[in-house]
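Two complexes come next, and they have one chain in common, chain A, joined by chain B in the first and chain C in the second.
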Partner chain A sequence: MSDKSSDPKKINCAKKMRDIMTTYYLDAMTAEQNNKQVAWITSGGPVEPLVAMDIIPIYPENHGAMIGASKMGEDLCIKAENMGYSSDLCSYARTDISIGGLPKPDMLICCNNICGTVLKWYEVQARYYNVPLFILDTPICHTRYSPEVAKYVRAQIDEYIIFLEKITKRKFDYDKMAQVGKLAYESQVLWQKVLNTTAHKPSPMSAFDAFFFLALIVTLRGTQIAVGFYKDLLAEMRQRIKDGISMVPNEKHRLLWDNLPIWYRLKWLSNKFSDHNACLVADTYTSAWCGAIKYTDKNNFLDSIAEAYTRIYLNIGVDQMANQVLDMIKFYDVNGFVMHSNRSCKPYSFGQMDIMRIVREKTDIPVLMIEADMVDPRNFSHSQVETRIDAFMEIIKQRSR
Partner chain B sequence: MIYAGIDIGSSTAKAALIKKNRLLGTHVIPSGYNPLTAGITVFDALLEKVAVSKTDIAAIVSTGYGRASASVKFADKAMTEIICHGTGAHFMNPNIRGIIDVGGQDSKAILLDKNGQVENFAMNDKCAAGTGRFIEVMANALEVSLDQMGDFSLKADKPSKISSICTVFAESEVISMIAGLQKRENIIAGIHESAAARVAILAFKINIKEPVMMTGGVAKNKGMVAALEKRLGFELIVEDFAQVNGAIGAAVLASRL
Partner chain C sequence: MKEIKIFHNALKDVSALASKIKENQKKIIGYLCSYAPEELIYAAGFHPMRLFSSKSDIILAENHLQTYCCSLVRGILEDSLSGRLDFLDGTVFPHTCDSIQRLSDIWRMQGRYEFFADVILPAKLNTQSARTYMVDVLTRFKKDLEAAINREITDADLQKSIKKFNLIRSNLSKIYALQSKKPGIIKGADLYAIVKGSMIMDKDEVANLLPVIVNNLEKTDAPETKGKRIVLTGSICDSPDIYSVIETAGGIIVGDDLCTGQRWFEGLTLEDDAPLVAIAERYMGRMICPAKHSSPTARGENIVSLARKNKAAGVVFLLLKFCDPHAFDYPYLKEFLEKEGIKTLLIEIDDQQQNLGQLSTRFETFIHYI
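Presenting the complex of A and B:
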């Protein structure tokens, strides 16, 4: 990643983001002293009502990513297995259940639009912390968003608000909600624009940077802080394009990444692709936090989020996912597709063979599948992955000759 | 101009020399502990065997799991086994469209286009099932040398059924079969069928096209070839140079540097 101060490729906003994230975690750690409440929420959950109620949202998945990136995943996964959890369980869940360490929650908000594991994971935590749990059930939209589903999910949004009123013993502020909704919408539009800048050749940043800058759109969506930050980041990316600064010094090959990052191998992967003059310009993961903007009505936010949160990338049919991948291949003009078959994330990895087949049928770009896990390094085989990537790049180079 | 290819695999190190598009010679030694030493040793031994001086070598390409260490010390470039096997097979027989390479620690299926360029490939997952190591572990348990495995299995009348995919569990299964006095020939045939089923998945995954050449050290095992052919439903082309095909491909790629 773009970190070293001597590095001309360094993205200046990185420091700013670190500072914002530090303040955010400090606020959460000191919430009780400041009479604030903390809610743990799944990464795909509707956070905006929490922001409107001045409740601090905490993301165990975000924490899982940090554990992975700081290479603590193996020890913590083993600890969870010693507690009796299966090694087949999601490594975010295993690390979260085994370590604790996050600011203690006053409530848990679980939305199953990202997976089914979160239901049991949050039940475990609700019992452990003895706090109330709200479950937002978003049925998978294989082909369409039916009126029945719309009604069902919309009703739960109202239940969600009643739940929050009960726990905070305060009335829900609908005016504030409208403001938060506008900010959430705006930050998502900005995030999408930031991601779009990588369509430029050469790309001003890589997916490895997007994995990092993603933190704010997840945790602080709906705040002025996120809007301000992504405005700055967008301006910096546009300036880099103007100045001809690229993340990969000699960008010759452009790749699309699928699934979560392999957090404990980011640097190695980034160098590996960079050594081949290849830039991962885009990915299906970071765009998941702005992929449903089209369903969001910023002027009628609360009504529209039922649909927006139900129709996210992981909660739609494989054909629709493949269409999004095909759109990205075209938009970012990539000449290779790298899929991470992620042992932990079943809903993300389940349809990959079909998506791979569809991409092969509809485009002429090579597709690579590597098997790993986002946090647990015991599922990563170095030389196997290295040979696959090297061979994949040899094929791309042969073709571009 | 003479070009060299050195394939340092997990079990054996192979070297090949080519001159004017003709194979000059090949050599194989066990890899041992140090891949770099294995690479240098097999290369020197081959030079001696064909009486060629090191100064006559125009370029060297290394491949296999030891490819990186070799390229740091003495090879001009490191390439993956996938490209090398593809290039080697196409060089020896331009009609080949598919390759099944089963080596010591991994197995792969490779699809070539008409020009011998790799179109697609599939490799085994982080698991030794369907590799040479799987067969080696079983040979040890059965007290049969690796070279005899093929002949033994061809005498089987009713191949045993090995259900475990995991090498360690499959070994315990084989040990129980030995204890249950099943015929050694049948157990060995069962082992080959189990490994062949794993390898065939890779070939089906990439929709392999005939004619298909089998390469890698395991191609010397007739029982495994027969089991694979049965599973795939077509015949495999197995040549004498199967084990050194990767090194040949590396030498051809060296001539293109």
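Presenting the complex of A and C:
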């Protein structure tokens, strides 16, 4: 992650993943020539029925992350603001609305389990591209998953299939769906195992690597490619553990990250923590794509995904989120918690201060909150964040003495 | 008009108003969304009261919500934490937006009031399964209320309640229609007081007062005015000053698409239907909030039709800062209106503070231009 000679051994699977992602984007770009349909889908949406129908899924949020990482966010956000979109809106949405550039959708699939923003964002795109929009409405489970929610979401899974049949003018292949479901389940189990390897001390990878390797579980979930890749990645992580290879060369402190990455400062943050001999071993974000796996029944996939997609990390109450954070603090044995207060993501960020309080009450680890935005660098104060990280790390170092 | 004065007086001190309501052994259930099922709350014998921010300085809420959360949500949390809402016996959170969703969590974890319910209505309102779910959620809420009061809420209770709210709503609609027909017949600040008062005052009192006001306004002749006809749109407008400033600048408010206006009271609940189904039907068909979905262009079509129906010369967007659902809709609503030759003005408001001098200049320029 940094250029210094003391750098850790790079993860070999990174190149493999880049190649897979390149092929995936090329397929998507040439979908029309190959008589394939394209669906835009939200990151938390059920992609498996699309895969079963041989429809190419495109994730505007993934694109937003790429824009952020390539530091194009500011210009594109300003462009959206000139179109009349407030600078307070989600920067993924702003960049996507202003840039275009993704293969034109034949349909839009919006699941509001991650936020209400996607509903508005997909309405914008439905007007612009004038294509059908399917909304999977997953009511928030503040305290419980009620029978009425279960019935409502399950009914919508059938509506989703009818919607796909209508647009593709093809019958839904339930046998293929069962296969895709098994692969999706398998890849999620593997992804969870990959993330779990960081419980080892020292950690073979960091959350910054997880942010990168996340791309496949999001975009190619339900394919053999994802299963194969995560098997390789898991094997590599286990080998690194065996060989004593850590991501942070002299790992002394272990931290947990909350919220989306700050895409345009990944490298700087990674180096910053590494310089303090600290490794961000886990995060609440990348585990969202396997966190609800306990509700998935691989042999009864369609019936079970209603619950699995409704009860994801962001679609539950703040107290339940805090419990998951506490579990992660224990499992990964971290001695610090870094929260990104992300102006772009209200459902992720509001409630963070209560989670911070709960963590402080129930553990003795220090908590740091950084104010930023995942894509728009105008909301990032370099010197302020640097000072706060340094001060935070001082406290952690003092405590570990 | 002395009846209008009663509304103005009621707004002056909400705690005093609450004490008066409680004297009659009524418990107060607060809410902050126009999809809160008031008919059910009222049928349970509670007083449903819409919550507004007292606009006090944010001190305690700073420990729970970041500065990029809207002033309404932060302001109401501040009121709760500082004890200004201690008259509440409970609160109801229909699922609204991402910010209110998290406010509901923070509020529940504080546990300050006896009764708490999330009424997680569907976000989409255009399918049969959403309709069924809506009825299921209302049925669940009815059970929660019944558990709280330890008695059954009968269909007769509900029908009586629906009649009461229909009476209030239809009279508010009549006042708006009269204002549109005879612009200037009622001052904007009065309109504001009547609508807001109807959301917080004793429902029986409101139901008695409104027909008298309608009756008086029907007999009043249209004043001579050259004011430009203005329709307001946005989330909430909890500032009578904005209404006055628009009028001083030469505008007359003839209609609105506000959560604290027509969006709240337009549309009646069918009285002869199964009550919960009827309440759900009204929500499914009502003027839609941008946090909900019926079609990608529903709000655009609605604002154009509202502006046309009221022969608006201009539409003023009053958008609460950090209110995402409204901010997402603004560019297309503006485009829809301008395609029809209707001019628009965008005012970003902060519920906590208003710079009236600057607002006044902007309204004057706009009204001069349309």
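In the analysis below, the second predicted complex is superposed on the first by the 394 of 401 C-alpha atoms of A that agree within 3 Å, B and C clash if a C-alpha of one lies under 4 Å from a C-alpha of the other, contacts with A are read in each partner's own complex, and residues count from 1 in each chain.
Going forward, a residue touches a chain if its C-beta (ideal position, glycine included) is under 8 Å from a C-beta of that chain, and two chains touch if they have at least 3 such contacts.
Because the structure is a prediction, the values reported are computed rather than measured.
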Touching partner for A:85 - first (chain B), second (chain C), both, neither: second
Which of chain B and chain C A:159 touches, first, second, both or neither: second
Partner chain(s) touched by A:366 [first = chain B, second = chain C, both, neither]: first
Contacts of A:394 with chain B and chain C, given as first, second, both or neither: first
Touched partner set for A:197, first chain B, second chain C, both or neither: neither
Partner chain in contact with A:119 - chain B first, chain C second, else both or neither: second
Partner with the higher number of touched chain A residues, chain C or chain B: C
Chain B versus chain C as contact partner of A:381, first or second or both or neither: first
Chain B/chain C common contact set on chain A: 371
In the complex, chain A residues that touch chain B: 360, 366, 371, 379, 381, 383-384, 387-388, 390-391, 394-395, 398-399
Interfacial residue positions of chain A with respect to chain C in the complex: 83-86, 88-90, 93, 112, 115-117, 119-121, 123-124, 126-127, 133, 135, 137, 139-140, 142-143, 146, 148-149, 151-152, 155-156, 159, 317-319, 341, 343, 346-347, 349-354, 357, 371
Residues of chain B that touch chain A when the two form their complex: 65, 79-83, 106, 117-121, 123, 125-126
Chain A partner contacts - residues on chain C that touch it in the complex: 63-66, 68-69, 95, 97-99, 101-106, 108-109, 118, 120, 122-124, 127, 129-130, 132-133, 136-137, 139-140, 290-291, 293, 296-297, 319, 321-322, 324-325, 327-332, 334, 348
